[in-house]
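What follows is a single structure, written as structure tokens, with notes after it.
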Amino acid sequence: MSLSSQIIQYIMSGITIGSVYAITAIGFNIIYNSTSIINFAQGEFVVLGGLIMVFFTVVLKLPLIFGFILTVLLLTAVGMVMERFAIFPIKEPTVITLIIVTIAVSILFRGIAMFVWGKDAHVLPPFSGERGIDFLGASLNPQYIWVFGITVIVVIVLSLFFKYTIVGKAMTACAVNRTAASLMGINVRRMVLLSFVLSAAIGGVAGIIITPITLMAYDNGAILGLKGFGAAVLGGLGNFYGAVFAGFLLGIMESLGAGLIHSGYKDAIALLVLLLVLFIKPSGIFGVSEISEVKKF
Amino acid sequence: MGKKNSFTLLILSVFLIIFPFVTTNTYYLSTMIFVGIHGIIAIGLCLLMGYAGQISIGHAAFFGLGAYTSAVLTSRFGFHPWSAFFLGVLLSSVVALAIGIPSLKLKGHYLAMATLGFGEITYIVFNELTDLTGGPPGMGDIPRISLVGFMVNTDVKYYFFVWAFLIFILVVSLNLINSRIGRALRSIHDSEIAASAMGVNTSKLKLQIFVISAIFASIAGSLYTHYVTFVSPSSFSLSFSILLVMMVVIGGMHNLWGALIGAGLLTIMPEFLRALKDFEILVYGAILLIIMIYMPKGLIGGLGYLFNRFKK
Amino acid sequence: MNNTILHASNIQKSFGGLVAISNLSFAVHETKIKAIIGPNGAGKTTIFNLITGIFPPNGGAFEFMGTRITNLKSHIISAMGVSRTFQNVQLFSNMSVLENVMLGRHTRTSCGIMSSIVSMSKKKREERETRERATYYLEIVDLCDRMNEYPENLPFGKQRLLEIARAIATEPKLLLLDEPASGLNTRETQNLGRLITEIRDMDITILLVEHDMELVMDISDEIIVLNSGRKIAEGLPGDIQENDEVIKAYLGED
């Protein structure tokens, strides 16, 4: 394979893995906007999505579409349970408490996943065969198209949801000003619940579409969550489209770096980007520092 | 340091001195050595989390830096264990400064993620620098350490060696928090804006405590290396960083004794949970969740509350 | 006129397009009580946050006793002799009443990490002195009998007093009081007025943001009136009461 087709190959797989970072980053943003919580269990939603899909389609041999729907439904329940049993009862919601509680939930999810699925990585067959499609001299895995396509659909559906539905608008209002939103009669607590449900559901989608490419093991959540958070920060925490852009960017950087430099440091590249952004411009590439100044006081 | 602390310290010391003579089981002794090693890190992390109010989910990295500096320098380059020990402390302080200066400008969640990211990167480096660290399988043949000419080569000797370090570090930390600096630290925890308006240089103080906690972790790392005489990256992973945070939180974040109790519980508990094999992780998650929700001040705070209610 | 202790020239501040302070200049004179008044959202607290370095202005400069303090860090400005209280009381909740005031002595004491750790006689002496000084400031606000309690157990009025004690424990030249009377009853407000003049008589200049007009007119030597980030009047209390523009701003006419 020539260098140029190799690079195209890297970019393709970068966009694919970047899709997952983008969705995970959106998941972070949804919860952050309605609660100011960073959900350290976000990566676990992705893991559970993948593993539950394996159960439905590989073990129970359900058709893909049913497996997909059932998995996403189950994940909404997971999000609901997490909010009701872990976030809602907190008495002193300090930042440290919230961080540790979501970490505790992530440990529990990981434990449950290990209990149910064991320690091995699980395989999910690609949605439409494995025969590569020729694309600009590179061989394109058809699952890449599924991942990219479904990510685009998720992004479009969500942005329509936030722009045009009453509930979506109410969530956006909470993100802008919680006190004002509650004065306007919006039930803020219900929005918090909804944000966890929504976040878990799209996390599940990310898990379903990526498992055929990367496999899925019970302990993949931490690194997925960390990179998703990297994308969220890179795009500016809370910024919807920023997250999408940054997710793809991070995926491509990681894929190129791993391919052209050294694959052992694949994970380190994304993390290094995360640290650099945090240290140099924590408001993200699209962020305005003055806004964060207002939010702090 | 206060009468209460001196008294507790006395009781602890008496217990520690008697313990090896009443227990015949070397297994208990070795567990206590690990309690001491974990306790040293937990004390430092407690200063950072409970007093300065800054979270770190990457302290396994400093533990690892200490451990690997000692391991690599003594076994591959023939350094004296004590010079390796101090070079480890030096390296950890320099890294803590480099990470701390930009990180501590960040608040809350950002800081947690930055330290988490740093911890993961360090873990990857331990795995990938195979020429030095031996990669994932780890490295062995690490010499024992000696103290003024005497080899610390039995479990009993090592037990006293580690706990002497811990008591020293505990006294230092108790002195630190019961002072002008300790007051300033607690003020940062409560309101950073008010603290700086009263003249506390919050960023400098946070950085100093971050470095001190990294030094404690590095000391614990070197002590670990010369006891186990084998290191592998898996001991310094994210789960260990989280375990350290758990130790501080379970005992009670705002109390150094709480950190020590947390270190003890979480080091001894796995021995009882052995029957659960890998599923102890579920128990950990549940305990952490319940404590954070229902006892945000940890066991010490929770028991103190119950005690006060009982008195009334 | 006395010497100027704080001089603000052409201060500008906006938050993401929203102008909070616009081209504001004023002077505070030594050992006077100066009040800043104005409707909600006029930018009063923002001025305090700018003076104390919580955030920098977009333009203009502050000069404190002849030194430019714009862009200096909060703790340095505090050490130079500017102290403050907060509109929403910001006490240290995990510290006793006494410890809160002792913290105010931070810049007037010097034990660093090393001497704190080895616990030498210097530390012991300094701690004893800090305790004595803190007790003295608690006496001024009459809180000595509650010094071992925690701030949250004090009634709100006493919390305000504790915050003032903590602020004057730093031995400031200039004290910024952010709505000290809000949440107080009439008697507490009268006592507060007496306390503020007492503090002024300790040679501490006072800049006061306050809504209680009776208190302001009673104790202030000079008044600045702000509306939407602009100064609309400045002068003696009597003049301000008769100023047409001030009356307009307060009656809500545009």
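Lettered A, B and C in written order, each chain numbered from 1.
Keep this in mind: a residue touches a chain if its C-beta (ideal position, glycine included) is under 8 Å from a C-beta of that chain, and two chains touch if they have at least 3 such contacts.
Just so it is clear, the model here is predicted, and its values are computed rather than measured.
Located most centrally within the structure is B, per distance between chain CA means and the overall CA mean. Counting C-beta pairs in contact, the chain pair with the highest total is A-B.
Separation between the centroids of subunit B and subunit C, computed from CA atoms only, is 41 Å.
Subunit C has its Cα centroid 46 Å from the Cα centroid of subunit A.
Mean C-alpha position of subunit A lies 32 Å from that of subunit B.
In subunit C, the residues that touch at least two other chains are 54. On the subunit A side of its complex with subunit B, the touching residues are 37-38, 40, 86, 89-92, 94-97, 99-101, 103-108, 110-112, 114-115, 119, 222-223, 226, 229-230, 233, 262, 264-265, 267-268, 271-272, 274-275, 278-280, 282, 296.
Contacts from subunit B toward subunit A in the complex involve residues 49, 53, 55, 57, 102-103, 105-110, 112-114, 116-118, 120-121, 124-125, 127-128, 238, 242, 245, 249, 253, 278-279, 281-282, 284-286, 288-289, 292-294, 296.
Subunit B meets subunit C in the complex at residues 1, 172, 175-176, 179-184, 186-187, 189-191, 193-202, 208, 212, 254. Touching subunit B in their complex are the following residues of subunit C: 52, 54, 73-75, 78-79, 83-84, 86, 90-95, 99, 102-104, 106-107, 109, 111-113, 116-119, 123, 126-127, 130, 166-167, 170.
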